[in-house]
C-alpha cells in the first residue's frame, strides 16, 4: 500500500558535532540518547525500548569493535539486545532500515536506532587511512587512492561529460555553510564566500578543502515505533513512508557510469515507489554531501533535476534555504560535520525537526514531505528514506 | 504462535576452513556461496535473491571495511542490496536474525545470509591484537587483557565456585577433535588425547593451547526464504522456529556473575519460548566453544544441565557424538576452526546437514530439533537459533 | 556539554594521572558509575558529581597471561585480575609486584598510578599490587 | 579449491610480480573478470582459465592527489586514474613519469610492474605511465 506509514519517528537527538575533546564515542552516544529521551518524556527507556541498532563505520578510530552492546549498556538499556550495522558512511541509515524491518516483522514495537563516530582524536593521516578502509583494498587502497581522490575521479568524469564547473561545486559549499551557520549543533557555524572555497588548498584536483566534508566527532539517535502506538509517546509523530536501499560494486573502476551513483538511483526508486510520491513532492531534503560533487550527483540521481543538470540546479538557487526545494538545511556533512557512523540518523534528526516545526532559524515553512539520502563510501551503498509530517 | 516456522533454510554452504593461503576473504565467500548454489539448483541467484546480510568481525585483518556490497557484487548479486552486521564473533548469527526479520517484515522473500573472516595471513600477535578489539578498550584492552585471558577469568571463577576441573575442560577439546576428524571441511581433522590437551602450552592459566579455538580462514552462507515458498527451492527445507538475542555489558568487570553468560540465558529464553520447546527437546546442538570453558558454560546457560554441572555433563558423555545430546558434531570452533565472522552461519550449515541427513560420518540418527548458539566476544552478545527438520 | 570536568572516560583518566581513583555519583538517585558516564542511566538525571574511591579492593578472579599482543609482550607471563572496590565498583588490570603463586581470589590489592603515555590515547596506565601494611 | 593457479586475487598478484597482466575467462560462457574470481558469477561455472591482457589501455578519468595516507606521502602530489584495457576491463592506479599538465582523458597508458613488498600483504605494486612508442 503506497504511502502507508512503515514506522513512526517519535523522538530524535544528536550530540554537538565537532571536535569534542573530552568525549569518547560512548559518551557522545549518551549525549544523543539523552536529547532523544528528553524530547520524549512519555517514553520509559528501560521498559519501552525493545532493541537497539547502531551504525558505526570503523573500529580503528577508538580501537573498539563490538560497540553495539557497549553503547546499549552505557545508555542504560541493558535488556535491549543490540546489533551494529556497517556500510561505511551509510552505517546508521542501515541501522534505521533494519530497525524498520524489525518493527514490521512484529518482533519489536519500539526500537532505538543511532550512530556514532569519534574521529578527531586521531591525526589527519590516520583519519585518511581509516576512512580509506571503506574503499576496495586490493586495487584501490593498495594503489594509493583516497576518498577525496575517488570523488575527484567522479567530478572529473562529470565535468568532462556535462561541463560541470568548479564554481558550481563551490556554490554547494557556500549554501551548506550558510545553513550550518544557523545550526547550533553544527561543527562549523560560519559562512564562506565562493572566492574562499575556490582559493582553498587543493586536496584532490578538482576538489579543494572547502569541497570536502569535515572530520568530526558526533552521535545521533532516534526512536521508531509501530505507527499505531506512536501517539502514546508524542503528539507530533513523523512517519517514515518509504525506505530504499541500493548496492553497487565496491571498486569505482568496476562501475559502468562514473557520473552517477546506481546505488542512489536504486534506493530512490524503491523509496519513492513505496511512499507513492515523486521527486517534485519533496519539500525538504538532507543529501549526502561528503564532497560538493556528491551533492550535485545527488540532485540528479534523486530526480530533483535531469542527469547533467545538477550544476545548473544549484546555480538557479532551487536548493537554497529560501529556494523551492531546500537541501541540507542542517548545513549538511559539509558544515554540520560528518562523524560518519552518525550521519544517516543525524539526517533523520534534521528532517524530524523540520517536519515538526522545530528547526528554528533554518525552519522551512509548511514542509510536509522530507527525504534523507545517505551514501556509503564512494557509492557502493545508498539508503533513501522518505518521511511525512502531519502539519 | 509457538513453533511456527519463521523462515525456511533451503540451502547452505561453507568454504574449507583452515589456512587458505591462496584466498582473500571475497574469494572464500564465493566458495561458500558456490556450494550453497550447487546444493539448490532450483534457485536462480540473480532473479530470486532479494538481499544479502553478511557478518564479519574485523576490518583489520584485510584492511577492508564496507565489505557487504563487495561480497555481494563479487558473488554476482549486484542487484541485491547488502548490509554487514558486526557483533564480534556472533556477527553472522546477527546477519541471520536480521535476515529473518527482513523476511517476516514482508520486504523480502529470499535472502542470502553469510559470514567471512580471513585471519591467517596475519601474524599471531596481530591476530591477538585484532581479536582483542572486541573487548572494552578503555579498561580491558588498555590494561593488557586478551581474549583467552577473559575466558580464563571466567574459568577461574567457575572452578572456584563449582569445582570445575582442567580435566573436564580438556574433555571438551577431546570430544570436539574427535568430531572434527570426521569433517572434511574442518581446519584440524585429527583426534587428540586428554593427556595432550592437559600438557599443551599455557595460553592464559588455566587455559592451554588445546583449550582454545583455532585462528582460521573461512566463509559461510545460507539461503532463507518465506516458509510457504520453500518447496519451490528444495524438497527438504529446514525451518527456523526460534530466534533469540541477548546483550550484556561489554566489560567482563561490569557483570555481576562471572560463571554464566546472561546474554546466552536471555537469548535461549527467547528462542525456546518462540519455538515452544524445552532444552530436553534438542536433538543436536552447535555451541560456541571459542574456549573449552565456554562450552561448559553453554551446557548450563542453554539449560542442558543445571548451573555448575557442566563439567559433569561432559564427563558423563551426554554431549558425545554417540551420547544423548551430541554437541558440536562439526568439531566446533575448537577443531572445525573459528573464522569469527563465518562461525554463526557455519553452525547453521552443520545443523542444516544434520537435519537433512547429509552429515555423513558424523550424522546423528533421527535428529529433528537442532540448536545453534553463537557468542560475541567475552559474552556481551549471544544468539540462539532453533531449527526443525522434517524427518 | 561544557563542564570543566565532564563526567567522561577522558576525564576519569585525567584524574588517574593526578593519582586519583574517581567514580561518578548521581545526586538525584544516588547511583554510582565506574566507568563514569555523563548522564545517570538509572534515573536519566544530569545532576552528577565526581567522588573519590579508596584505591584498595578485593580480588574477584584472576589469570596468568602467557600470550599477549605486541605492546604487552615485555610483561609475559603476567597476572591479570578483576578487583572490587567499595560499593561493588570494579576495575580489571594487571597484578604486579607479587609471586604468581601467592595470588588468591579474595586477597586485598591496591591500585598503582602510572604516568600518561605520549601517543594515542594519551592516557595513563594503572595496575594492582599487594597492599603494603 | 586445490588448483595450482587458483583464480583468486592472491594468484593475480603472483602473476603481476612475474610481469604478467592477467584476467579470468569463463570457458563456459565467455565472461571475463578483472578482478579475478574462483567461480564465474555470470553462469556459475568453475570451468575457468587465466588469460593474459595487453598491458596498455585508455585513461577514463583522473585526479591529482595532494593529501594522502602516510605510506603514499612521499609521492604527493601524484596523479591517479582509471585505465580501461581490452574488453572493457579496468584497473585504477597512479600515473607516473608524466607532467601532470599533459594528462588527458582518453590518452593511452601502459602498466608498469614493480617488485613485491616484504610485509603484509606481500603483493607487488603497479602504476601507469605513458606508452613509449
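Order as written gives the chain letters A, B, C and D; numbering starts at 1 within each chain.
The rule is simple: a contact is a pair of C-beta atoms (placed from the backbone, for glycine too) under 8 Å apart; a residue touches a chain by one contact, two chains touch by 3 or more.
As the structure is a prediction and not an experimental result, all values here were calculated from the model.
Looking at A-C and A-D, the interface holding more C-beta pairs in contact is that of A-D. The interface of B-D is repeated, with over half of its contact pairs matching by residue number, by A-C among B-C, A-C or A-D. Chain centres here are Cα means. That of chain A falls 37 Å from that of chain C. Distance from the chain C centre to the chain D centre is 51 Å, each centre being the mean of its Cα atoms.
Centre-to-centre, using mean CA coordinates, chain A is 33 Å away from chain D.
The multi-chain contact residues of chain A, meaning those touching 2 or more other chains, are 24, 138, 254.
For chain D, the set of residues touching two or more other chains reads 9, 35, 121. Here chain B touches chain A in the complex through residues 24, 51-52, 57-60, 62-70, 72-73, 78-88, 94, 97-98, 100-107, 133-138, 141, 245-250, 254, 263, 266-267, 376-377, 380-381, going by the rule given at the top. Chain D contributes residues 1, 3, 6, 8-11, 35, 37-39, 41-42, 44, 46, 120-121 to its touches with chain B in the complex. Of all residues in chain A, those touching chain C in their complex are 15-16, 20-24, 26-27, 30-31, 33-34, 37, 45, 74-77, 121-122. Within the complex formed with chain B, the residues of chain C that make contact are 9, 13, 35, 60-70, 72-73, 75, 77-78, 80-82, 90-94, 105, 121, 123, 125-127.
In the complex of the two chains, the chain B residues touching chain C come out as 124-125, 128-129, 132, 138-140, 142-146, 148-149, 152-157, 160, 201-207, 251-254, 258.
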